[in-house]
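For reference, the structure is listed below as structure tokens.
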Amino acid sequence: MNDMEGFEIRVEIPVAWGEMDALGHVNNIFYFRYFETARMKYFDLAGILEMMRETGIGPILAETSCRFRAPLRYPEVIFAGARVKSIGKSSFVMEYIIASDTLGTVATGTGVIIMYDYRSGVKVDVPVITRKAIEIIEKKGMPGEGGSDL
Amino acid sequence: MNDMEGFEIRVEIPVAWGEMDALGHVNNIFYFRYFETARMKYFDLAGILEMMRETGIGPILAETSCRFRAPLRYPEVIFAGARVKSIGKSSFVMEYIIASDTLGTVATGTGVIIMYDYRSGVKVDVPVITRKAIEIIEKKGMPGEGGSDL
Amino acid sequence: MNDMEGFEIRVEIPVAWGEMDALGHVNNIFYFRYFETARMKYFDLAGILEMMRETGIGPILAETSCRFRAPLRYPEVIFAGARVKSIGKSSFVMEYIIASDTLGTVATGTGVIIMYDYRSGVKVDVPVITRKAIEIIEKKGMPGEGGSDL
Amino acid sequence: MNDMEGFEIRVEIPVAWGEMDALGHVNNIFYFRYFETARMKYFDLAGILEMMRETGIGPILAETSCRFRAPLRYPEVIFAGARVKSIGKSSFVMEYIIASDTLGTVATGTGVIIMYDYRSGVKVDVPVITRKAIEIIEKKGMPGEGGSDL
């Protein structure tokens, strides 16, 4: 789908009837669930989930936002996409999209991810291996401090 | 999948990471969401959702149950199936199943559906057209009172 | 509330607007969330959550059911109650209720809890300390095998 | 609670155990559910829900965001607050907060609400009665275009 160009990581999700609320549209919280599903697919492919299991260093969602562009109803199959827009010292910024063949772009969103040592309870630098993995997924050097050095 | 034999209506659902709870397994309430998704697909194909929009006569879930047979984790793609086991005068009994290629049967469940006139607020007989539609889906005469008369 | 007599463990829960579905009633899956909230309060008071953290022996929900007796809408404050009906060798049976001052009994349900060693991955006997704690909460000897011996 | 000063509309919500995800913290989507619960309380008190039932003119959430400031776990009782920061011609901006006695501020957020005629399917001006109701709740003239005229 054209709307998802630039999003290398995509998941296909069937909207559940029960995700609609009393106004007859998919409730706002499920857009964030769809974003999360795309984010986790991204984390999985970038080796972040495996790193977290092995080292205790993993991601924390520090901020997120959604702009609702079109109402969504059951039945519909949507695609959720995630990409990394920029990487900083200890965090990176993601962009999300939800789109369908029939509706085009349904929503767009952002997320700020902080890397965190779950064992010592402190914020840590984005590991080099994670930075590399993200650059490979995005197929280009990432903007952001330090990003151009890799 | 063998586990789903006898379930004509099936939906494919990717488990969302966020459906896991603090014990690391898919939380129990989402099994009922999966059942519901299969049930709505069934209702859609049997013309029940359309009838509800046009006449105000529609289904109410009166009872439901789930037996959890295997823990479920992300990532996994599951299939949820629904079938009607028997039809009574003003209600019918459904059976549900959740299964995956790797796990086999994950859960089984039941639901009792009562037909209800949402406009007058009273229980009504299962419409003949609904009874017929269910029998066509199930490809056989349905057990239950009155079912053999059709 | 009279409806909740016999349920020593109760939690008060405000219904969230977003828990209603497209039919304008609280969606069925949230009844199981309310049951779960009462169940966890029970587990907490019976020392089961602490035992799980310390020993790895904890509860698994093996079966659950709900009978919906009245539709529920926002705004409403409900009470969810949980009690243990009987204890077996390696499992116990719970009963749940959801009620409100204005609606009376909204739903009733059941749950079968199996005790499980999360470290070795096998079913275990209900620990004596858990059995005792349940009997103290229920303020009586529990029916079920072995229950009369304690 | 000091953290909630300036938020006239507040709701008390007990965190449900099942709202925690596999990382052992309340999952991000439930922060938006808490925001929504405070927003609906605000809409209710401002007469917006009643107006929607009677005229078909009601609110649509166009954008929302959350900044997560502290992890949240069960058991905890949180307070969610909502206020209107500014009113424009056909929309207004809300701010949300989640706080608890023990944790202080847990999260802050924003929402952009557009007024919409659900019958004709077009964006409409914020009704004068809604503007007035918001100003009464906020106990002050609202900033934003036209706000000073009332």
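Lettered A, B, C and D in written order, each chain numbered from 1.
As a convention for this text, a residue touches a chain if its C-beta (ideal position, glycine included) is under 8 Å from a C-beta of that chain, and two chains touch if they have at least 3 such contacts.
All values reported here derive from a predicted model rather than from experimental measurement.
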Measuring between Cα centroids, what's the chain most distant from chain C?
A
Which of the two pairs, A-C or A-D, is linked by more C-beta contacts?
A-D
Candidate from B-D, B-C or A-B with the same interface as C-D, over half of contact pairs in common:
A-B
Cα centre of chain A to Cα centre of chain B, whole Å, reads 32
Using mean CA coordinates as chain centres, what's the chain A-chain C distance in Å?
36
Distance between chain A and chain D based on Cα centroids, please, to the nearest Å.
25
Would you please write down the residue numbers of chain B that are in contact with two or more other chains?
17-18, 27, 29, 33, 36, 74
Would you tell me which residues of chain A are touching chain D in their complex?
23, 27-30, 32-33, 36, 58, 60-68
Which residues of chain A touch chain C once you look at their complex with the stated criterion?
17-18, 20-22, 24, 27, 29, 74
Can you list the residues on chain B that touch chain A in the complex?
11-14, 16-18, 33, 36-37, 40, 44, 74-75
